[in-house]
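All remarks here apply to the structure that follows.
The chains carry the letters A, B, C and D, assigned in the order they are written, with residues numbered from 1 in each.
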Amino acid sequence: MNDFLDKPDDFCGVVGIYGDPNASFNTYLGLHALQHRGQESAGIAVSDGQEVRKKLGMGLVSEVFNEQNLKELPGHIAIGHNRYSTTGGSAALNIQPILIYHKDGNLGVGHNGNLTNSKILRRQLEERGSIFQTTTDSEVILHLVAKSKEMDIIHKIQDAVRQIKGAFSLVFLTENKLIVVRDPYGFRPLALGKFNGAMVVASETTAFDLIGAEYIRDVKCGEMLVFDSEGMRSFSPFEKQTPAHCVFEFVYFSRPDSQIFGEYVDKTRRKLGKNLALEKPADADIVISVPDSSNTAALGFSARSEAKFEIGFIRNHYIGRTFIHPSQEKRDFNVRLKFNIVGGVLKGRRVVIVDDSIVRGTTLKQLVQVVRNAGAKEVHVRISSPPIKNPCYYGMDFPTWKELIASDRSVEEIKEHLGADSLEYLSLDGMLDSMPKENGQHYCTACFNGKYPVEIDDLESNNSK
Amino acid sequence: MNDFLDKPDDFCGVVGIYGDPNASFNTYLGLHALQHRGQESAGIAVSDGQEVRKKLGMGLVSEVFNEQNLKELPGHIAIGHNRYSTTGGSAALNIQPILIYHKDGNLGVGHNGNLTNSKILRRQLEERGSIFQTTTDSEVILHLVAKSKEMDIIHKIQDAVRQIKGAFSLVFLTENKLIVVRDPYGFRPLALGKFNGAMVVASETTAFDLIGAEYIRDVKCGEMLVFDSEGMRSFSPFEKQTPAHCVFEFVYFSRPDSQIFGEYVDKTRRKLGKNLALEKPADADIVISVPDSSNTAALGFSARSEAKFEIGFIRNHYIGRTFIHPSQEKRDFNVRLKFNIVGGVLKGRRVVIVDDSIVRGTTLKQLVQVVRNAGAKEVHVRISSPPIKNPCYYGMDFPTWKELIASDRSVEEIKEHLGADSLEYLSLDGMLDSMPKENGQHYCTACFNGKYPVEIDDLESNNSK
Amino acid sequence: MNDFLDKPDDFCGVVGIYGDPNASFNTYLGLHALQHRGQESAGIAVSDGQEVRKKLGMGLVSEVFNEQNLKELPGHIAIGHNRYSTTGGSAALNIQPILIYHKDGNLGVGHNGNLTNSKILRRQLEERGSIFQTTTDSEVILHLVAKSKEMDIIHKIQDAVRQIKGAFSLVFLTENKLIVVRDPYGFRPLALGKFNGAMVVASETTAFDLIGAEYIRDVKCGEMLVFDSEGMRSFSPFEKQTPAHCVFEFVYFSRPDSQIFGEYVDKTRRKLGKNLALEKPADADIVISVPDSSNTAALGFSARSEAKFEIGFIRNHYIGRTFIHPSQEKRDFNVRLKFNIVGGVLKGRRVVIVDDSIVRGTTLKQLVQVVRNAGAKEVHVRISSPPIKNPCYYGMDFPTWKELIASDRSVEEIKEHLGADSLEYLSLDGMLDSMPKENGQHYCTACFNGKYPVEIDDLESNNSK
Amino acid sequence: MNDFLDKPDDFCGVVGIYGDPNASFNTYLGLHALQHRGQESAGIAVSDGQEVRKKLGMGLVSEVFNEQNLKELPGHIAIGHNRYSTTGGSAALNIQPILIYHKDGNLGVGHNGNLTNSKILRRQLEERGSIFQTTTDSEVILHLVAKSKEMDIIHKIQDAVRQIKGAFSLVFLTENKLIVVRDPYGFRPLALGKFNGAMVVASETTAFDLIGAEYIRDVKCGEMLVFDSEGMRSFSPFEKQTPAHCVFEFVYFSRPDSQIFGEYVDKTRRKLGKNLALEKPADADIVISVPDSSNTAALGFSARSEAKFEIGFIRNHYIGRTFIHPSQEKRDFNVRLKFNIVGGVLKGRRVVIVDDSIVRGTTLKQLVQVVRNAGAKEVHVRISSPPIKNPCYYGMDFPTWKELIASDRSVEEIKEHLGADSLEYLSLDGMLDSMPKENGQHYCTACFNGKYPVEIDDLESNNSK
C-alpha cells in the first residue's frame, strides 16, 4: 500500500504530557514523530495550571508551529493532535484538540479512532437542544461530559466514555489535569512513558524517541489514567473485553521503529515477509519493496527466498505540492513524481514487488508498469496481508466498499488489473501467525474477514432513516 | 476622538441579503462599506437553499476575501459580519458569523451590540450542561434558540431573543431563511433596502451605496423580519419600549454619508459643530478638524464663527502595520505617523481644534503639542459632545472607567493635561438639540450622564460572585 | 487629478542619510513619509563603513520592511528609494536602489526623475560590450561611473553625471560616502536637513518630520554634495542653467505639508484656488474637493467665492486590493469604492467640484455623475491648473499623448465628456502667479505649453530607428 | 556522507529545452527531478522566439513555481537552474539563470560547476570598467560574451568559454537559440535527450524520466551544441583534454537512477560496496546504510559479506523547517529528527554502518552513538570511498580544508572521534576499479589525492594579494 497516492494518510496521532515545563514544545516533538498518522492539520492545547491556551492549524506540524507560537503556549500540561479526518470532513473547523468552556471550566480533547455510535448520540443530543460547531466525534464526547450529572470531571468523563462505542484513544486536558482513556478493545495503540519527572502518553513509542522519554508500558485496554497534583491514578471504567488490536497497525500504519501492542512493528513486518515467502514463493531474481512501508516485509521475503533484495524505487523527498500539467496526466506520471525508478537494477530481471496491502491498486498498477518499462523480464507481486474486502469502522480510513479493489474481484482479476505476471496474498493465518500473542493479544481482522468486534450502531441508524 | 490611536475601532457591522444570486459577493461589498465598524475580523455565511457554507478570517474584509474564496460561497442568502470585539476577547475563535448544527439543521448568526445579561444566561446554560467554544454573546443566543421548545425556527428565535437584554441588531441564516431582529430600544442602527428584486439589511445605509441598493426604511425597534420563499414578514416579539438610540453613532461612530435613526449623520454633525460654536465660541483665526471623524463638526463650527476652516492635519493613507523603533517612542511620533501636519497653515495662528469627543486624550494631547510646535500662537480645543464619564454596556467599546479621562477629572484638569489654551465641551442639551426628533426618536446618553435605559444584569452577577 | 484611479502614482522618492547609527531605520521612516511618490516598490541600501547591504521588495514601504529585516541592515550611511516606474517597466528587477560591485568596491544609487538621453547612452554602452540587467536609467549611470577614467569616486560620479541629460535627483552610496546630485535645472525637489549630528537629504521635507530632522536648505540646482569622514563638501559639476522646477509638484504631486522650491506646497495650492475663483468664478452654493489632492485649492476657491466649502467626498481608508465582480463594473462603482459620497451635503445644491488637474478624466467623469445622482441641481468643475496637452519627459508619468484628454479636445468638448454644467481651467499666467518667485525660481511648464527646457535626445534616437 | 546535516546539498542542476510548446513546464519537471542538486533557489528563463521572460525564487522548485506563474512563461525554448551556491554566497541576488540585455538582445545563462579563474577575469573586467550585480561565475561569462568582438552569438560564446577555466556545464538562451557548452574535462555530467520532436539537455538523465524524454548520448567533453531553427549543430571550441569526470558524482552526488559518464550510478555504487567488503571486511551480524545515499553501497557490501542487510535508519519525510528548542540541543537530537532509528533491528547485534564518505563527521558520530544506545554490541563503520583530504575547486561544495575531518587526522583518530569499534575506508584503487572505463573515461580524484587536473588561477591570485 502506498500512503500518498492510493489514499491520503489516515486517522490521527495523539500526545499528552503532564509535569513538563516545556509541555507544548515536547508535545510538538511528539506530534512531529507521529506526522505519518495525519498530515491534514495539527493542534496543541496547553495549561499552566490556570489558563488554557491552544493553537491549531491546517498543514504539517512543522508548518503549523514555530518558535514564536510555541512560546505563546506556556504550561506544564499539554495535549496534541495530528489529524487526517476519519469522520467529519476535512474542513478547518474540525481541527483538534477541541477546547470548550463548560460548567467546571475548560476542557480539551483529542481523539484517535472512530466511534460507531456517534451519529446516534449526536441526534439524541440535538433533540435535547445541543448545538454543534464541528462534525467530529470529539464534540459529541465533550457534550456527554458537560451533561453528566457526576460530581467531578473524572467521574463525568467516565460517565461519558461509557456511553460511546468503537475505537478511541483519548487525551483530555483541564486546567490542572491530563486524563487519558483507551477503549476496552484497545483498537488503537497508546503508550505510556516518562522523562525528567514528567509523564507522557502517545499513539506510538516513536514519539518518545524525539522527546527523550522512556517507554514504561502501554495504556491498558479499557484503562483511564488521571495525571494531576496527586500523581498518576489508574481507573477501569469499562467492562473487560477480549482485545481487538488493529492488525493493520502492524501491517502498514505504525512506524517500523515503534513498539505497539507489545512488539516492535519492524519485527512483525519481517515475519510477515518471511511467512509470505514460505507460503507464496516466487521464482525470481530480485525482490524490491515499495518504500518505505513495505521495506521490512521485502527484506523478510528475501531472507526466505532465492531472490536478492534490491532497491528499485527511491522515494522522492521533495514532492511538496507539485503542480501537474494536464498534458502529463499519463499513466505513470504520478509514480514517477513520487519515486525514482532505478532502471539498472530492474533490466532483464525477474522481479518480485512486495507490498504490504492493496487498497485501490492505482499506484501498484503504475509501479508494475514502470518496472516492466524499465526492462524487467517478469513482474510478480506479493502482498504481506490478505485481500481487504471490508470497510473499517474503527478509524482506518479505507475508501468505500466500492473502491476497495478486492471487495468484488478475485485475486486473478486483480492480477489482470495490475498487469502482473503473478499475484499472491499472505493468508489470514499466515498474517496472524506473524503477530505477537504471548501476552494475550487478540486482533481485529474485520477488514479482511468481516468479523466486526463492536457493533456499528450508526449504520443501522442510517438505514432506518 | 481618534479611532486608531486612542483605541481600536469598536463594535461591529452586520449585513444580511436574501434573494440575490451573488449574495456572498454583495455581502462582501456591504462589509467593505462597513469596514469602519470593525477591522479585527470578517466573515460571511451563505446558503444556496440546501447547503450552508462559511468563510471567516482575521483582518480587513479585503484581506479575508478574494475572488477565489467568494466563488466558493455560492447561494442567494447570506449574512456577514465585521467585528471588533466588545465582548469575548479578540481571539480568532470569536470571529462571526458563528455557524452551528442543531436539531433543525444549520443556523448562523451575526451580532452588532452587546447583551447585558449574557453572563447570567451563559452560567445558566452551563449549569444545564451546555458547552461553549467561544466567548461571544452570539453563541449564547444560539444555545437559547436550539433549546427552545417552540415548533419552528421563527418561534424558536422569538423565544430566544425574548430572553436576552441589551443592545442587539441580529442577522440569522438558515438553509432557506434570512431572519433579522433589532432590540426594542433600537440602540444600534439597522436599515432595510432592496436591489434587483433582492432584500438587504445592513448596519448603515452606506453599505447600500456600494451594492447599488435603495434604502426603504429602518428595521423598527423591536421588529423581527423573516425573509424566505413567502417573501418578507414582520413580527413584533417584544413589548414596546421608549427608543434609546445610541447618540454616539451620530457623534462619532457611523459614517458621515450614512442615514441612521432617520437622519444623515453628516447633517447632525454639522449641527453639533454649529451649536458648539454658539455655545462655546473661541476667539481664533482658524478652525481645524481631526480627520476624518470631526471634519463636518469643524465645518459647522467655522460656519458660526469668525475663524476660517483650514486643513491642518492630513491623514496618512499608507500606515499599514508600521514598525516603530524604540528610539522613536517620543511624544508625538505616533500622531506624526498617522497625520501629516500642515505647518504653513498653523504658523502664527490662533487655532481651534474641533474634535468629536475625548476618550483617553492621548492622541489629542499629542495633536495639541504638534500644532504648538508648528508655531501656532494659541491652541483651543472644542469638543462636539459632553465629557464621557461612564462606560457603555451596549456595544461601544469605551475603555474602563479608570481610563476615561473625564471620569474623575474636571474640564480644567483635562485642559491642563492636553496643554491647550482653552478647552470646552458641548453641553448635553446642546448635543441633544442637534439630534433628529421629529419621528419620536429618543437617545441613550448613558456614557454622558449615567442614565442607563436597560439594567446591566451581568454587573450584579459579577458583584454577587 | 485623482491619484489612484486615473493613474497609479508616479515617479519616485529618494532619501539619503549620513552619520546616523540607525541610518536604515530613519531611511525607512523617510520613505514612509514619501510613500505618495511611489507605491510599487521600495528599497534601502546601507553601509556600516565596510560592508554594504540592501533589502528590496515590491509593495508599500510598510510591507517591504519590518523590525527584523531593518535589524539586518546595520550601518550609519543609507540610501532609500520608493518607486513607481517612469522608465523601465514595473518588474521586480527594476527595484532600486541598484547596488553594484565595480573596480573601487560597492556603489549603490537611487534616482528620482527621468533622463532624456538614457536610451542613446545605453546603446553606446552596449556597443562597447556592456551588459544590462535592468531597464532603469540608474543602471546606465552606474555604467558611466564605472567606466570613468577619473581617479576617485567623486570625480567619476562628476564625470558620469555630466554625460546624462534630463531630470535627476540622485543619491549614491559607497562603503564610506553618501553622494547626492541634483540636475542643473532642479526639475525635482531635493532638500537637505540634519538631526542628532547626522545629515539627511530627501525628495520632500515631509520626510524630515517623521525623522525629527530640521530643514536646512534645498540641495541647489546642479549641486553635488559629498558626505564622508571629512564632513559635507559641495561641488558644482555642471554649467549653470536657468532653473526649471516642475510646476506640477506644486499643483498635484508633493505633499501639502512639504516645503519645496522654497515654499510650502499647501500655501501655493491655496493661491491656485484663490486665483481660480477670481479668474473663473462659479455661481454655486457649495465647493467640494476631490480628497486629498485638491483640498487646499478648494478651500482657496471658497475663500474668494460665495460658495461654502463642504465635504462631499470622503476617501475610503480601507480599499486595499479590493476584488471587483464583473457584474459590478458599472459606471460609478470604482469611485464609490474609493470615495464615500455624502449625499446630504449635495442634494438640491449647485455644486463646484475643484480638482487640481485632468489627465484622462475617467474618475472626474464618474464623480460628476455621482454628485448629480446624489441630487445636485448643478455640477460645475474648476481646475486649478491649465489643460495638460503634452507628455512629460522629466519624470511625471503622464499617459501617452493620445490618452491625455486635453491633447486634442477643446474645453467645451471635455465639459461634454465629463457631463458637467460648466468647466473652467486656471490660465497659465494665473498658475504661475501662484508660484513663489522671490528667490529666482523658474518653472517647467512643458506639459501645459510644450516648451521643453531640455532636449529629448531619446525621442530623436527612437525616430531615427 | 549525509547531505542535510553534514552540509547543505551542493552545486547545481541545469536543464535546457528547445522546440517544446510547454518548454517552461517541462523545464520545471526537469528541475524537480534534479532537486537533489540544489535546494536553495530555482529559476527558469523562457523565450517564445521574440520575448524572453524569467521567474526566479528562493526555495524548492515546488515552492518557486506553480500553475499560475508557469503559465506566465510561454515559449518553446527554456533554460532552468537549481542552485546551491558554490561561489557567490547564497543571497537572493545570485539566483540563476541570470538574464541580461546586451548589444544583440537578450541572453540568459545557467551554470553547473565552478570556474577556477573567475576572480582574475572579474578583476580584469572591473579594471576595464565593468560592473557586477551578482557574485556568480555566470555574470563573468556574460560579460565576456558581450565584450567579444566576434560577429554572432555562437562565436561570441565560443570566444567567451575559451577564456574560462575549470568546471562548467552551461546552458544559454537567446530569443531564438538554446546553446549548451560542456568544459573539455567533462567534470560535471550533462546528458542529451529528445521527446516529441523537442530536444533536452540536463545534468542527469533522471530529469528525462519525468519529462518522458529518451536519452540519446552525453554532451561530449568540450562540446558546444546549438539548437535553433537550423536544428542541432555541434561545435568543438576547445583543445582536446584527457577527461576528468568527478568521481564524487558516482560516490555520492548523482541520483542512483541516473546514468552519468556512461554508466548507471546505482551499478557503480553497488560495485563500490562490493569492493569495500572484499578489501575491508567486517565481522558483523548486520549491515545498515545511511539512507538514501549509501543504500546501494550497503547492499553491495552485504552481498560480499556474511552480514545481512537491514534497515536501521528510516529517513523522516516531514522534516521541513523544524524548530529546535535550546533544551534539545543534545548530541543526537538532530539525527533523531532526521532519521527514525529501528531499535529492534540493532539490539544485541554487531552492526556495520556503510556510508559513502565522511566530510565533517558530525552526523556519522551521532549515528554511531544512537546505534550504540539502541543496544548494538559492536559498531563498525565502512566508507565506500577514500578519506577526503583536499578541497574541491570544480563545484563540489566541500567545507574548507580545516573542516574536512580527514585533512589532518589519521583513520585511527577519526575512528576515535566517531566512537566506532572499527573504521575502514575503500582504497583509491578500489574506488577507481568500481568506475566505468570502457569508453575512455578518466576521473578527477583531487579531493582524495590532491592531483588537480586544472590549475586554480584564483588561488594564486588570492595569494598574490
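Heads up, the rule we're going with is that contacts are C-beta pairs under 8 Å (C-beta built on N, C-alpha and C of every residue); 3 or more make two chains touch, one makes a residue touch a chain.
Keep in mind that this is a model prediction, so the values were computed, not measured.
Could you tell me the least number of steps, going only between chains that touch, from chain B to chain D?
2
By label order, what chains touch chain B and chain C together?
Common neighbours, chain B/chain C: none found.
Report the inter-centroid distance (CA atoms only) between chain A and chain B in whole Å.
49
Quick one: report the Å distance separating chain A from chain D, using the average Cα coordinate of each chain.
37
Which whole number of Å gives the spacing of the CA centres of chain A and chain C?
Inter-chain centre distance comes to 61 Å.
Counting only residues that touch at least two other chains, what does the list for chain C look like?
If we look for residues of chain C contacting two or more partner chains, we find none.
Chain pairs in touch?
Every touching chain pair, ordered by label, is A-B, A-D, B-C, C-D.
In the complex of these two chains, what residues of chain B are touching chain A?
Spelled out, the residues of chain B in touch with chain A are 98-103, 107, 126-127, 129-133, 135, 142-143, 146-148.
Could you please specify the touching residues of chain A with respect to chain D in the complex?
22, 25, 28-29, 32-33, 35-36, 39, 60-63, 65-67, 70, 206, 209-210, 212, 255-257, 259, 264, 266-267, 292, 295-296, 299, 303, 308-311, 314-323, 325, 327-328, 330, 333, 336-337, 340-345
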